[in-house]
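Before anything else, here is the set of structures, which you'll find just below.
Next come two complexes built around chain A: one with chain B, the other with chain C.
Then we have the complex of A and B:
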């Protein structure tokens, strides 16, 4: 198992790489003032979101070797926690009277009433706590199982969460989902952000979250706790016989990963201002979260960044139908023809197709992900030169 | 009492189709040790095939099984030869991801070709039913159950009595030993995946008169197939048959006595319980 050796990164980052990293981060902070278009900021926010999801999953999947395919549960916890509290804080008097009426019989309604008294942005914390508790429950059930059985159990638990949210309609508004028209003002220190319409606040929140998850991943890679995680990934029986508590460390890794994933969910919720069970709790989302890391390169700090850089633009090209429209506008394809209709109508629905094709290509031809593939290419070139 | 018997009967009838899905998954797992996450999507391909055979050529969905079985066998064999074969020795998680990817490609290609609109296959008997001692038995479900029984019996016979069937079982028992005995294990793998795919495709054909047909229909059935095979014991065909019927009955009882909104939670809870208490399943022998 040399390719996952914990010693490969012992040398630490080279000064050149560190400088490059700092320069890129500075450029990213300057980006909104350099580029005016809101669409480019939108793409960047999507990139950040994918990166946060990928980095968070990477801690449990990439560094601890536990392939959870149920991360939508934590993402959903963050998204729903944020939206429920934010929505409850905006209830008007009529709705409150109605709830007080209902609260006598329904515990969920009284829960909503107490959520009304919370500060709107504490929903993010509520989501984090919910994800943490969920991860402890899931961990205590699923970590008794290994390999494919763990994967299946994680899927089953996430499905139970999805169906539960779907059916607790008093609290979650069921399949309808929760929609928020305006975000409440956000106070950070002395600055109060009230205008969210131009994406700029989301850009900076997303960027900070990306830096946070990268920092946490760096800590995981270079701390004693992280070494324990990686030892479990390499050989859990050997790790166990050396005195590493499997239950504790697997649960710790899952909890960390879950809390960060819930932040991604909260970020998504406030950006889109809408959540429903099919978008934030589905198996498809769990799979997409896994694929970001896998495609970029699992168990590396920048693998999920590369994965997001590959996936987001490709799926955005398909979703926004750039190919179809450019072919039609350039006159190569008649928009009234069957093929033109096909391009405009069907292609945009199938942006997940690119995930499928990429994952098959990556597993078959670059099992270490895009990042690993290029690393080994460079290593080969160097060897030839030497 | 009538409610109990009624849900028992409809549970067993739908359980027959579930068994077919489960048997396909369990044969693939038995021979190749690969968990096929594209199983429900293969079933979805079978549903579309049936739909178009019906709308374009007017072939009855239950007759079209005769076409679906060989076509889906070839489809499965090609999938095995092109993709699954290359990752037989890879990490289990990579195998899982590859099949997930194949499933995504299938469902999204279907969406690309036919959009995500729900299609309904309406036959003259779609909503008709037999009356049987005060109970009503859905006609399409009853016919599909009979076909399931015939196919399962034929498959048992093939696996138990023929030389090829024995070779497949030997490969499932011990791949290396089978190879040493002169069995062409590569051919057996192709055969197994073909059989698995044609079972899934047949199940798709059989439920298409009573179920909505849409590109994402597969993932719900993939999950169901896992529950069935784990319950019965990974690799055990008798177990998968039993598991299919049990899950069918649990679902219909859950819908009747708890609520149809929560019936899937009951199924998944049983699944987790089996995983925790007896991961080898009802008929399984080993944990690997």
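Then we have the complex of A and C:
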């Protein structure tokens, strides 16, 4: 019985799939020198970002079966941790004087003052630690609950985090958000790796993070931890009776997932250079993170990659009304006709609606995700051939 | 030597006594049958013993150690493990992966766990199903898988909750042989079973529960002649 083992949760990759993986990774590394356009790199960065988020969620949601719909909290922790420290490191003398004044009454201001002395890039670490602590707190509360109750609790706790960040304005600048005009150069020792003059460095950072999350997922899948996570997903009472500590393993899965998600948040923050609670801490984002995994296929290494490959272009095409525009510009549809009018006026505004409908269709007809759907198609073909 | 002592165990759900003042002992290496009409409290007793519920009163001593309040995973690590009346396969994992989860209870190496798992799969004769998804197995094989999985945790005491339920006579016979094989491995067993013929054949000793209380205890031959047991099962004037 042959199978695409690299695409499933079984052991051992087939040599063919491994070669394909290596070739694709090499092509991805060469991509910026092959394709000049900054827009294509932008799309790739969005793909990477989605993949990192999906892979991270997959560890707790896909492998351990705990559907956290509050991952924006960890994403926000990474994004805010990075931005706060980076912003503080760029304070000028006036701002520092003002802070010193404020610091007498406000702990948060004194915290910012001490952040000023940190290396700007340590914010990423700060974000990871914040996400880790947050995951342990959230885990200790939410894992008392099971199934749908856990989902609801995870949403609620993430909302608490959002509202807290909104109100800790001394530290987070509240609803205004934090904007950074220039990123400090990324250095190791005294060597400058990049000064972010274009978007190529973001491409490589994203690619490396994608490879990191895939590697971590692979490690999990091929370890005792992965077996225990999956056992908990399949039947937690049975897992419990077989000597698996539910509390420890659920929290371990959440912590791992949270730290990786915070990396996605940090990556987003330095790429967009702006964070505010509505973009990095919203329920929308939490749902988006879950969708990437579910659409692609949960509990598999490459499911989230497929999910990102489906969702990012889909949202991009719909947002830019690419289909409508090209139909009109190719002359197939007259822009003055009723249909043309519908395409330009109505459809372009309804892109979120269409996106939603397509997502529902995928979930209805491909319950195991796109990857699972194609896998069962291949299996069926094989069966017919045999 | 008694491997398990149940001392005056009671379990209340609100005002309902699912078990009240149950006491008995299991000797090392024996097979203890636990029988009783529906609702007699057999499964509740299993849940109390394996840590799913703390007993309301009384004490459970396993291998010289008080077990009250220990979580099921700790109970398993100490060498006592149960199967489920309604089988609980890890459906999307293969047969060998299911058994490996049990084996990983005492080892960190996947390779070693796999060897241990294969050994237990041979014991229950499921070699031909090694790479199948557990969710796709017929009921008879699911029950065997359940047994292989608990055997892989290297238990001293096995609690089997209706392993023959829903099986045809040929499959039941296989499970009976399996239980006898397990006894030969030196593992003590406590078996809940409704099939009277089977339980009389395999048990060294039988405890009868009725309405949460221990009604009788003795060798199979004594139990069938016990008028109270007959009355509990068939009803009496």
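Note that the second predicted complex is superposed on the first by the 332 of 386 C-alpha atoms of A that agree within 3 Å, B and C clash if a C-alpha of one lies under 4 Å from a C-alpha of the other, contacts with A are read in each partner's own complex, and residues count from 1 in each chain.
Simple rule for what comes next: contacts are C-beta pairs under 8 Å (C-beta built on N, C-alpha and C of every residue); 3 or more make two chains touch, one makes a residue touch a chain.
None of the values given here were measured: they were computed from a predicted structure.
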item: Contacts of A:231 with chain B and chain C, given as first, second, both or neither; value: second
item: Which superposed partner A:246 touches (first chain B, second chain C, both, neither); value: second
item: Which of chain B and chain C A:35 touches, first, second, both or neither; value: neither
item: Which of chain B and chain C A:149 touches, first, second, both or neither; value: first
item: Chain B versus chain C as contact partner of A:299, first or second or both or neither; value: second
item: In the superposition, chain B vs chain C on chain A residues touched; value: B
item: Chain B versus chain C as contact partner of A:175, first or second or both or neither; value: neither
item: Contacts of A:24 with chain B and chain C, given as first, second, both or neither; value: neither
item: Touching both chain B and chain C, residues of chain A; value: none
item: Residues on chain C engaged by chain A in the complex (per definition of touch); value: 50, 52, 71-73, 76-77, 81-82, 84, 88-94, 97, 100-102, 104-106, 108, 110, 113, 131, 149-150, 153
item: Touching residues on chain B, where the partner in the complex is chain A; value: 35, 83, 86-87, 90, 92-94, 96-98, 100-105, 108-109, 111-113, 115-116, 219, 223, 226-227, 230, 261-262, 264-265, 268-269, 271-272, 275-276, 279
item: Residues on chain A engaged by chain B in the complex (per definition of touch); value: 67, 69, 141, 144-145, 147-149, 151-153, 155-157, 159-160, 163-164, 166-167, 283-284, 287, 290-291, 294, 345-347, 349-350, 352-353, 355-360, 363-364, 367
item: Residues of chain A touching chain C in the complex; value: 1, 9-11, 222-224, 227-228, 230-231, 233-235, 237-246, 299
